[in-house]
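Two complexes are shown next, each including chain A; its partner changes from chain B in the first to chain C in the second.
Coming up: the complex of A and B.
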């Protein structure tokens, strides 16, 4: 894929903090190689599973397999691993994070060493693999089990982390205790598994410190991102697709906290000096869901060239301010983690119940539209991400039905103009997270141009 | 002195030029195809020749369509969504939904007050486009132009389960070998395309009047299949290929008028009537 790599256009970033991220990712990967050499236990891990503090407190080094697939995609060097997985009989319609990772594992285990020129040194073989059964994503349950055929000696633990499903006529508080209790026991099982298979012992005092650090980091991240409400916005989703790295892959570390402290200061400085993402901010869009095409993040620059910025996104905004979460005082750090994880999902339930026909995910969109003065919503439907993307279209359709904030004049059949309220315009981009063969730059830019023309038509009414 | 405005719609298959003042004065349609795509200027020259107009007499030129980028003889580029909307609204003011079936893409446009307020486009696939029919026509050994009339003779439509162009080609050839009448196959193909287009455009709320444009609108069999899907008759402009170019010319005229009203200069490019470079 040398040619594709050569074709890659470096993406401009608005903030200095975001520019530091590639080096941080590279450094984190280098740490895993060093840890392997030093004989430290390595765990294949997924983001957003609630076990960050546990592995950090036990000095287990995470290898974030979704992140590595994203790195391969961003380096435009994923195709050979996808092809390897396909040769291993995995369907092309599976999650391409998973097939990229499985293809890489197959390649590495066949060779007995890293595949040649692996992006940023490659993904080291783990000692344990920590899957997760949850409503967010089904490959997290099966991916590592499938990887065991290449690494039969590496044990898998599937950490279940469920939250109460939303029901408009049921108060989630009636059942939340059961979910918290279940997840707490799952996390306790994970600690036991890790102690047994890695020989590491849980340092419970250290865990309490990291739980506190994580609470403070969540609130700091929330406060930092809230600064993006400013007009012009000092940072947009293009950069947030970089600053998601400390959120997703460095949680429960001082490095993550310090990164966001610096970013907070930088954004405040940019606001004070009216430094926007683009010279003239004409359109404010929300990235309303879907993982990005990691090989085409420069599309954000294309939006910028049209004066369009993204002050907010739902993707990777996976933390909340602690004040918004209804967490009781508990002495068990595992129980606290479970409460924080679950209430982060139930946080929008009460708001949704107040609006007929609504849903927590849609309420979140509405809240962001209003808070961030949004003109349009852009989503990305990645063909290989089955668990998320069908829901995106449903969210947009529900939003269209229940929320029409834009007053426009419209010519009726009788020839008279009437006031009419229309929905926020939306654009659904279609491609993939890793598989570049699904992407057409010309087609994507064509859609972006057309979308901006429609937003213009609505705005200039 | 009369003012002239031109719209150039460089689609994937055809290049269309319309020159207007108060009405349409001239229109020309020429192929875009791989060897012709650089020659959009020739289509413009032909339109100018029809009116015996020098290039410099055109007040403003707007380019649209897939190949609108880097057209050296245009003052401005505008998306085909906006241009089709403007063109259709001018010709059929009651239009609320536009379905444009082009050579290699298909789009739905929602209109309000003559402007596009929402749109949907097909994904990166030939199904639901003119190219699909071209490929199948070749496989069946019939002329593309014959397909419309052929399908109207069918007593029923054959079931075509594949809308992937490659698989559909195999499917129709094997059905032909099984003895399925040609007209039923063609009717089935129209139905398959109409189903795909209808599914895509239904992302917008389809409202009356529905106007079908593009090369697909010239295929009466396909239009009938679309009507069956939508449930009521659709309208089509007299020349459905020209709505994008007409809209481009009208938008250019609007822009000049607005600039004059505001007392600001019209933003023009240093245009030259020479070959387009296309995505250079």
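Coming up: the complex of A and C.
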């Protein structure tokens, strides 16, 4: 473990804004410790559950448990917590965000204090835990239930947030009202739960303000990231794995809005002055899905060393410009949150129905390939995440079938050359989000080298 | 099916775990009328048995998901133990909960699938103390242990089934709180590690004495 820590090299960032993120995360964690001392209610929380504005409006302090596992991984200090969870009979094959968090909780509760030298001070014990039932991730409704084994008196609320599944022959508008109504009532149930278990009261005027702030923040983030279409791109996915922090963990705060205002200005400045991520941008890749290996973010620097940059990614691009979402005028802020959450998923459905054999997730890849002038797709398959990662291979296979944008000349049997079209080259990296034992830097770099050689051959054909 | 399970309460049970697995898989695969007809004849045959399976030194319960391969039961029963009851998706999990009759049939079916079937994929809200919560989620296992005079439990969990995986510590500690030994085995659905399982089952049964 010590050796791995010593080998860790911090990732270089392209933007000033991304460089500020580690201090922001550290500051946020310090805030949770301070809040605990002051007796403010603490909630274990998950990102992308639609409850950001609710907890902020009720002055409940979130502890983002997935984030903390990512911090442990990035600090290369997750192994002792994973091993603790395994000793507690949690399988090594379960989500390693969850097993890192559960191992930490088990350790802290056994000791009655923070485990020694916990990364950035550790994860404080919560007053409530807010799970989520989604079509995305099983651990999100089982993790906190399992954590009650060590914190039996901490109540759990599971906030169900479902959206209409995609059907190529059904217009989602036929059923969307049911989903919105259901999610709205779930959010109302969450407010009641929080009022009951934390003693905090919902400030409905403040909630309306934060809903409005969040709408504006979503659009600002979208506009900021759209600047990355520029050639050379002023910022790539390596930095976006830092700037996801305000998106995922600080939504519905002025701090998040201000961060993106600064980032927008910085990217515009870089574009105006033709400041790319690398001196000579040779290849433009898309990070087409999968959470990154938090302990190996410096691999993005390895791509840079080859002249490869990532102007766009699907991971953590979890917001849309409000103009793209079909949200009706409603007076209930909870209903507005539900509309925004659900239409963010249905946003690609119409486009997918127009292309035979397509799917919303694949349609999104195609749109980004064209908008960002992409030469190749890189994905990461994390062994411990069944919820998202196995579907990535299916997305790539579907994309290959329906989308062949690269013209190539081939010699036919008649001796004449004919124009054919081929698919975008792709690379699937294999490792994990937290468990470093699944990772080999040498193998990863070899695969990157081979992929770049392929892309180079296609580009220069 | 519950009538057939009843015939496993005796010591020795009138039907072995291996035979029972085969009946359960056949029942799952047949149209309901054919299944019921088969079950009637199996019950009749088992009740009339004069040459019952030999009495063994331990009565075992298997807890897990969709176990439709009898290989695990074979390992247990080749090692001087009888599988007498289960909490499996192929077994008691689906044959114990009834559908309410008299009301809206669709609602009654949904109610049965979503709340009455004791599957980890259904999140159950905690209302009382944590001990009461465990009783609500796993109390049926405790009742089976008592009714079928179970000596030990094998918790057989498929790798990559997260809803089950997250429940292992709670399930294990609940059963152990009843002073019943538990062997937790993790395996793939393909049963690729059957050799390793054999060693662990043997060791568990030897320790139980």
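Basically, the second predicted complex is superposed on the first by the 455 of 461 C-alpha atoms of A that agree within 3 Å, B and C clash if a C-alpha of one lies under 4 Å from a C-alpha of the other, contacts with A are read in each partner's own complex, and residues count from 1 in each chain.
Here is the rule we use: a residue touches a chain if its C-beta (ideal position, glycine included) is under 8 Å from a C-beta of that chain, and two chains touch if they have at least 3 such contacts.
These numbers were taken from a predicted model, which means no experiment stands behind them.
When the two complexes are overlaid on their common chain A, residue A:90 makes contact with chain C while staying clear of chain B. Residue contacts after overlaying the shared chain place A:447 against chain B, while chain C stays out of touching range.
Shared-chain residue A:422: touches chain B; no touch with chain C.
In the superposition on chain A, A:145 makes contact with chain C only, not with chain B.
By the touch criterion defined above, A:103 reaches neither chain B nor chain C. Of the two partner chains placed by superposition, only chain B is touched by A:457; chain C is not. In the superposed model, A:238 lies in contact with neither chain B nor chain C. In the superposition on the C-alpha atoms of chain A, no part of chain A is touched by chain B in one complex and by chain C in the other.
Within the complex, the chain A residues that touch chain C are 88-91, 93-95, 98, 131, 133, 138-139, 141-143, 145-146, 148-149, 152-153, 155-156, 158, 386.
Interface residues of chain A facing chain B in the complex, by the touch rule stated above, are 408-411, 413, 420, 422, 425, 430, 438, 440, 442-443, 446-447, 449-454, 457-458, 461. Of all residues in chain C, those touching chain A in their complex are 120-121, 123, 125-126, 129-130, 133, 157, 159-160, 162-163, 165-170, 172-173, 184, 186. Within the complex formed with chain A, the residues of chain B that make contact are 66, 78-82, 85, 94, 107, 112-113, 115-119, 121, 123-124, 279.
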